[in-house]
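In the two assemblies presented below, chain A is common to both, partnered first by chain B and then by chain C.
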Partner chain A sequence: MTGFLGLFRRLEGPQTLGRGPAFWALFALVLAGALAYPLFSDGYTVGNTVYFFVWVFIALSLSLIWGYGGSLSFGQTAFFGIAGYGYGILTINFGASYGFTWIALLLAIGMAALVAALLGYFMFFGRIGGVFLGIVTLAVTLMLERFMAQTAGPEWRIGAARLNGFNGMSAMPPLTIPWFGGPIVLFADVGLYYVVLAMLVLVYLALRILMNSSFGNVIVAIRENPERAEMLGYDIRKYQLITFVIGAALAGLSGVLYTVWGQYITPSSMGMTAASLPLIWVAVGGRSDLTATIIGTLVVLSGFQALTIYGSQYALVFMGVLLVLTVLIAPNGLVLGLITWVTKRVARRKQETA
Partner chain B sequence: MALLQLRDLNKHFGGLHVTNSVNLVLEQGEIHCLIGPNGAGKSTLFRLILGEHHPGSGQIWFADEDITALKSFARIRRGLSVKFQVPGVFKSLSVRQNLEIALQSRLHGAALDKEIEGLLAFLNLEAEQAQLAGNLSHGQKQWLEIGMAISLKPRLLLLDEPTAGMSPEETHLTGEMVRRLNAAGMTVLAIEHDMAFVRQVAQRVTVLHLGQVFAQGSIDEIVADERVAAIYLGQAHA
Partner chain C sequence: MDIATLVFSALYQFGDAFAFLVLSACGLAVIFGMMGVINLAHGEFIMCGAYVTAATVHAGLPLPLGILCGTLASACVGVLVELLVIRHLYERPLDTIVATWGLSLIATQGTLIMVGSTMAGVGTPFGSFQVGAYSYSIYRIVLFVAALAVLGALYALFNWTRFGVLARATIQVPHMAAALGVDTRLIYSLTFACGAGLAGLAGGLYAPTMTLVPTMGATFIMEAFVTVVIGGADVFLGTAPAGGILAIVKSGMTSWQGQLFGQIGLLIAVIIVVRVLPKGISGFVLRERT
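And now, the complex of A and B:
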């Protein structure tokens, strides 16, 4: 019991912004708003909102590996793609009955995690770090994209699933809940919204606990000074590998949800642009904090969406400018910078009135 | 009883013979200082002991175990600990968190908090516990790192220039810290240039010159040794 309560205590700590009743009241308020939102909207718009949520998991994976762990990975989109295609291949072959889509979701994430474990083993136990980690992961991502792009021919199939080259794989079944009166199919609508929202809240809280635990302490220590961390007796390669695998699993979850949402996935979801955009959301938000990462991702993503509607040519250019501005003005992230600034102001105001 | 034994240790960097057949025995419970001019191979010797470098030949024995092939973290877990020359604190974390990370593999909950309080008092850092380690003064960073190093309750503490950049008062305080640690049973091997510090703490001194053990003895013997004065002390104590 005490162990369980201990977990709750880890929901706040030095590694995550937000503590005390005020923060959790705000959290409850935002959650209540998110829960009530479909009541005031239509299914189509709610379905589009799910699209934004889908990307938050890959953003969180980057926050974990890069923001907390200090290793810049371009590989997240590779894991996104592996899991996305994995889900497609599994469900196109084995269908959606008996809740298999959920097993496929787990298996697909498992595939991404397994690839990350192999790749990570060679990188971390081979002591590849810093900029080379970025280069290796980027190479893997682009290789995978190139490979998938040339699978247009009919010979590229796994069972019933055609890989289909640049046209992408489609027509996989959405997540399906077996139910007594007939299965509930989660199309990009209110049902999927609640499922993804629940996952988001769970992942967010679980990551808060993880980062404020002794494991999180070591991860941050490795970012700050890997030599010192090792000389405190930690096998840093092991910690880096575990973090990398957890990050890959989260990116994989994004990939599966993306595939489920649009019943569609293409190699360009692993391309150069796809690999850089999450970096921008996370950098702009504030990579070293989970909350700032989520807010940043949702804000930048919806801004990007609005821009593509009004002038698609400029949206990517604007993203680049945003990244440059962030690096110049608030290298730790605009959202994180803003939150820190406001908290400092409030604290000072309190001190003055006291 | 010998705690650490370096047996015929050799290390080359290209054509440079930085560690040349070094034999060194460290007795359990002593404070041993390693001195020598710049480039004598003192820091390299530390890196060999810690497993950051691997010797070309020779063996390192710690507590009757050959640790030559062990990884750094495994050596630390056997009871070694180090304070680096350049303070290796976790800069964007608080002083308290720095200590917590060092202690958490050994202690949890209330016992952890109690140990942190004790360490903060020992290091004269009580007032700074909530500050980011990167904002500490140079001397305070050194102390914090010493605190992290001793958090592991090591049998052997390696100190690489623990008083570099410290004022004379800070240096003296550091010397007192080291002596208190030693009185509590910790064996200490320190690289140090500050002869006042060496005189304050050292029970035995080893002089390293061009990668070789040049002389060994008490501080008075070393100071009296004209050959040592010629290569090293002569410049400082002319």
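And now, the complex of A and C:
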């Protein structure tokens, strides 16, 4: 029992921003707001918010691998795509009854994690790091996109599921919860909103615990100085591989939820542009903190969507400029920079008044 | 079909793959090998070279001059990029990847907005010739020769010229070179321009063979990355042999299963090689030597 309670103590720690009653009160307030939000909004807007939430998972995965682990991966979209396609293939073949969609969700995430474990084994145990890791993962992503884009012919089918080449797969069943008196189908509005919100809160808290545990501390130590971490007796390859696999699973969750949300998945969701967007959100938000990543992702995503309404072609240019400027001016991210600046100001004010 | 035509066909395909790999990779390899910077906007420099080449050819210049213009234009853009962005990030190699990635987004989308979704191409010069039952494009042979010429020219540049010596000194021990009076910032700028120019050259050379679209850079970068990862940091000990080996893999897989499997073969090769030779071929060769 004490061990279980000990987990909760790990919710705060050196690797995550925010501690003390003030932070958790704010957290509860935001959560209450998020819970109440669908009551004051229409189905379409709520569905759109779910779309934002879906992307937060892949952003968190990148924050974990890149921000905490220090290895830049462009492969998150590959895992996103693998899991998305995996979910589609499984549910189109086996249907949605008896809650199978949830099993499909888990299996699809498992697929992404398995691929990540294989790829990660070759990379981390080959001890390539730094820039090469980025290149290899990017090559994998691009290759997967090219492969899926050419699966247009009728010979590319897995069971009943046609892969459909560039147009992608569609019409897979949404998530359903088996219930007395008929299953509850979670379409992309209020129902899915609460499920995804619950997942998001769980994942966020779980990642906080993970990063403040000894595992997380080792991961950060490896980021800061791999040689020293190794000298202290940690097998850094294993730690990096495990982080990579966890990250891939999160990206996979994002992919499944994306597929569930729109009931389609296309190869371009794994392309260059798709791979760059999570990177922008995470870099702008502040990659080395979970909370900053979430805030950054939601802010940049809504900004991007607002821009797309006025001129979709310029939105991407703007994103590119934003990324370059962030790297040059605020390497730790705008949101994270802002948060640290504000907390410092507050602390100084407190000292002055005391 | 007799043996001679079969052998010729295999050699032709090998040469074609080799030229593509080496030409698309050497700009990236120069920048990575000399500066440790991976330029993710590499594909966009190639696109820039191809577009400028096509534009100048449409304006009435002969193709070789057009290619020269493309090369120079890319090199100029390279200097600009180095001054504005890369220069500030030498201490943070991972951030250069992210920043150049942003540049690549801007360049691709900016070209799409300014030039449109496609640009009129340039006809492939020289025509073709017949061996056995198949006809071959002469221009592909020219490309192979060009790849060899580029490797030779780079060797000469870095070994026999004053710039080459200064550049290699800067790369080995930057502060020592600076202490001896070398303007290391200038050397870095020139090296980056050289890499960007090589990318532009690749774009110019391949402009007559492909459709010009803003995303054409993506066709090159995978091959370029794979070659640089397998080759390692040295252009001559790495990129050239890596290009040779990968060309065998690629042309073999392509003639066996088609274009896509050629690329998949490349990818599998790179994943296996990073496990066995993490520092690439040149790292392996250099370790054996010392």
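Following the convention adopted for this analysis, the second predicted complex is superposed on the first by the 354 of 354 C-alpha atoms of A that agree within 3 Å, B and C clash if a C-alpha of one lies under 4 Å from a C-alpha of the other, contacts with A are read in each partner's own complex, and residues count from 1 in each chain.
The working rule: contacts are C-beta pairs under 8 Å (C-beta built on N, C-alpha and C of every residue); 3 or more make two chains touch, one makes a residue touch a chain.
None of these values were measured; they are calculated from a predicted model.
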| item | value |
| --- | --- |
| Which superposed partner A:Gly159 touches (first chain B, second chain C, both, neither) | neither |
| First (chain B), second (chain C), both or neither touched by A:Val218 | first |
| Touched partner set for A:Gly33, first chain B, second chain C, both or neither | neither |
| Residues of chain A touched, compared between chain B and chain C (which is higher) | C |
| Residues of chain A touching chain B in the complex | 14, 214, 217-218, 220-221, 224-225, 227-236 |
| Chain A-facing residues of chain B, complex | 50, 52, 71-74, 76-77, 81-82, 84, 88-94, 97, 100-102, 104-105, 145, 148, 151-152 |
| Touch list for chain C against partner chain A, complex | 32, 36, 38, 40, 85, 88-89, 92-95, 97-99, 101-106, 108-110, 112-113, 215, 218, 221-222, 225-226, 228-229, 260, 263-264, 267, 270-272, 274-276, 278 |
| Footprint of chain C on chain A - complex, ascending | 70, 72, 119, 121-123, 125-128, 130-132, 134-136, 138-140, 142-143, 146-147, 150, 272-273, 276, 279-280, 283, 313-314, 316-317, 319-324, 327-328, 331 |
